[in-house]
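Presented below are the structures under discussion, each in the form of structure tokens.
Both complexes below contain chain A, partnered by chain B and then by chain C.
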Partner chain A sequence: MKKIIVLLVFIFLGNTIFAQKMMTRTGQIKFEASVPSFDPVAAVNNSVSAILDESNGEFAVLALVKAFKFKIPLMEEHFNENYMESSVYPKATFKGKILNFDASKTSASKKYDLEGDLTIHGVTKKIKTKIDVAPKDGKLYVSGDFVVKNQDFNIKIPSLVKSKVSEDVAISFDLVLDEK
Partner chain B sequence: MSKKIKLIILIVAVFALAGVISYNYIMHGGERDLAAEKTDFSVTSAFITSEFLGDIDAANKKYLENAVAIKGKITALNGKEVILDEAIICSFKNQDLSIKKGQTVTVKGRIVGYDDLMGELKLDQCFIIKN
Partner chain C sequence: MNVKLFLSSLFFLLALSQASAQDDLLKQLDSIKPKEKQAETLGFKGLQICNMQSTKVTAKGEWYVLISHRFGDLTQGFNNFFGLDDAYTKLGAIYGATDWLSIGASRQTNNKIYELTAKYRLKNQEADGFPVSIVGYNTMDINTNLSTDQYPYLEFNNRLAYTTQLLISRKFSDKITLEFAPIYIHKNLYDETTERKDQFVVGLGGRYKLTKRMSMNLEYAPRIDAPENDVYHNLLSLGLDIDTGGHIFQMVFSNCQTMNDVYVFSNATGKWNGGSLYFGFNLYRVF
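On to the complex of A and B.
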């Protein structure tokens, strides 16, 4: 009986120690494609999902396009219907790897290289960027930013509004990963 | 008052009104009010989940953007985030203090999309239509 209890304790302990998947469903992604002196073209999504496998650094992020909120509803409508075609391509995803990720060494904030496939508007592109990983109270704070070009993802901005929407889109993300 | 002044006041008033209307249109036009919209589909949580699991493209075509009423049991409550049967994530427009974990409710909201990373369906602008 004692042995079984000891065994059970170890199994449960093992589970908590080796719980390797860290995740969130309330991550934040912001983007901005503003041109100075025009209305800001910016939106935020507060329901981004992400899963990090701590054993090998594999990292997956998913944002539903329709969950991006703009200040101006008409802008949101154009974004969904004309530029992102979110009824045909409802999600934007990233699948890749945090290079040389070592969970045991992340005791303080550290910069890592992130590499992988970014899929937006049905087009997949390889990207490479730097990210910050900071552990705090058992959670992992993952953040970073990078720039993409509209044309790389086949997103066409009509010439009429071309002067008001930047071709370079600055994307930033803030993900607080936790054990489920 | 001379006719001229009356005319000027009238013109200024017309321009001001046009300004207010166009400002409102630009800042708030296209906003949806789900409470006033008719419900496009009424389903149970198990039914709609199985549809998204079965054929995601067909389900997207059918449900995306629509106002849908979903009946299910509340398995988690976190401020404005309400989870039905561990698979349907509803973002509420306003926090609803009358509901509790374990209750079976019908929630109406806009279908935002299916998150196949977590295996969850997401809705926003949600509110309770039946306890």
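On to the complex of A and C.
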């Protein structure tokens, strides 16, 4: 009987240790949809949250749309009100999986495939991209970049400003995950 | 017995931890709330509702160039080509000195008035927090049309008139924003039979968003204890905002042709039922 108890305790403990999650609340996401010779259409969000389940590579990222900061205040206002409609769709999220992620093997920087659902402006699209995962001082540095199209997420650019905003939006992210 | 209890509770805990491990990662992130209360997005697209000021304040370093027109009396028809003959113009600029303070200067045709303004945000409406936005606004008019031919004992301070305004607005929904503004007007030179040296006005205004880039605006400003006469009336204006990106274009129908706040709130000469009406526009270009 005692053996069973000991075994169970081990399973229990092992489970909690194994299911360790790494997370951040101060991750950074940048995007740029600039057209040369016009005002830069670029913003940065420094309060991105992300969480990684080390046991299976499941990965989720959440950014508040209103937290994207622009150089030009009027652009930020229009971004929220006219394009992203951030009072209706306050969050941009990603939910997916780092393929073949193995926490024990990540001793040096390594490239992985990331796959999952990206939700922006209330529209969800499957994306696939490469990411860098680098462990350092007990933290995981996760970074990468990918390109999305405005029209894929139902973000309409009026014809009047079409020449000033790129249809392709380059998104890059830098997340430093720490133990929860 | 004890062992059984211990075992079952352990099983229970195990099951619980398994369940939480499978819990949606996004949901765990969702529970994270922003630390600071977020300022509500702006309730007005333009710095003005029609004639009166909205609670929008320019951001730091922003330049707004203002071009306003009010055509002549619309109701005279072809006699003055629906007002095209006697238009007033106001040219000005507003600069965001800090994120909460902007200063401006303008000049308008009527009475060659220079208007200096200061607009300062006192409090922002917050999402799930403070219910209203509060903005202070001051104007000082310098009437450069007055001459010693007309007033032999004219001194410089006779040319000055002031308004002090407290603009309080609430964004009720994405579409509807309402504003309430107690306004105090002081004139150094005034006509005792038709005007008051100190006049209180209650400014009421609002917008209704028709589309993402267009809104309908309405304002009404009853004077409190105004002198009884038929010369001046309470301000009532109807407007349409069109936001084209870098420009804000506001079309205005009003019973006031002049564009300095002192006259707007206390010297509106038109009347919606059976008086003069004026059409015009405010054009803001943001740099």
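What to note about this one:
One rule holds for everything that comes next: the second predicted complex is superposed on the first by the 161 of 180 C-alpha atoms of A that agree within 3 Å, B and C clash if a C-alpha of one lies under 4 Å from a C-alpha of the other, contacts with A are read in each partner's own complex, and residues count from 1 in each chain.
Basically, a contact is a pair of C-beta atoms (placed from the backbone, for glycine too) under 8 Å apart; a residue touches a chain by one contact, two chains touch by 3 or more.
Remember, predicted model here, so these are calculated numbers, not experimental data.
In the superposition on chain A, contact of A:Ser49 is made with both chain B and chain C.
In the superposition on chain A, contact of A:Glu77 is made with both chain B and chain C. In the superposed model, A:Leu62 lies in contact with both chain B and chain C. Contact with both chain B and chain C is seen for A:Ser87 once the two complexes are overlaid on the shared chain.
Of the two partners chain B and chain C, more residues of chain A are touched by C.
Of the two partner chains, neither chain B nor chain C is touched by A:Lys139. In the superposed model, A:Thr26 makes contact with chain B only, not with chain C. Touch criterion met: A:Leu160 reaches chain C, while chain B stays clear of it. Within chain A, the residues touched by chain B in the first complex and by chain C in the second are 23, 25, 47, 49-51, 60-62, 64, 66-67, 73-74, 77, 86-87, 93. Listing the residues of chain A that touch chain B in their complex gives 23, 25-26, 47, 49-51, 60-62, 64-67, 72-74, 76-77, 86-87, 90-91, 93.
Residues 1, 4-5, 8-9, 11-12, 15-16, 19, 21, 23, 25, 47, 49-51, 53, 55, 58-62, 64, 66-67, 73-74, 77-78, 80-82, 85-88, 93, 95, 158, 160-161 of chain A are the ones touching chain C in the complex. Contact residues of chain B toward chain A in the complex are 25-31, 60-61, 64-65, 81, 89, 91, 112-118, 120, 122, 124.
Of all residues in chain C, only 3, 6-7, 10-11, 13-14, 17-18, 21, 24-26, 28-30, 32, 34, 38, 41-42, 59-60, 62, 174, 212-213, 243-246, 286 touch chain A in the complex they form.
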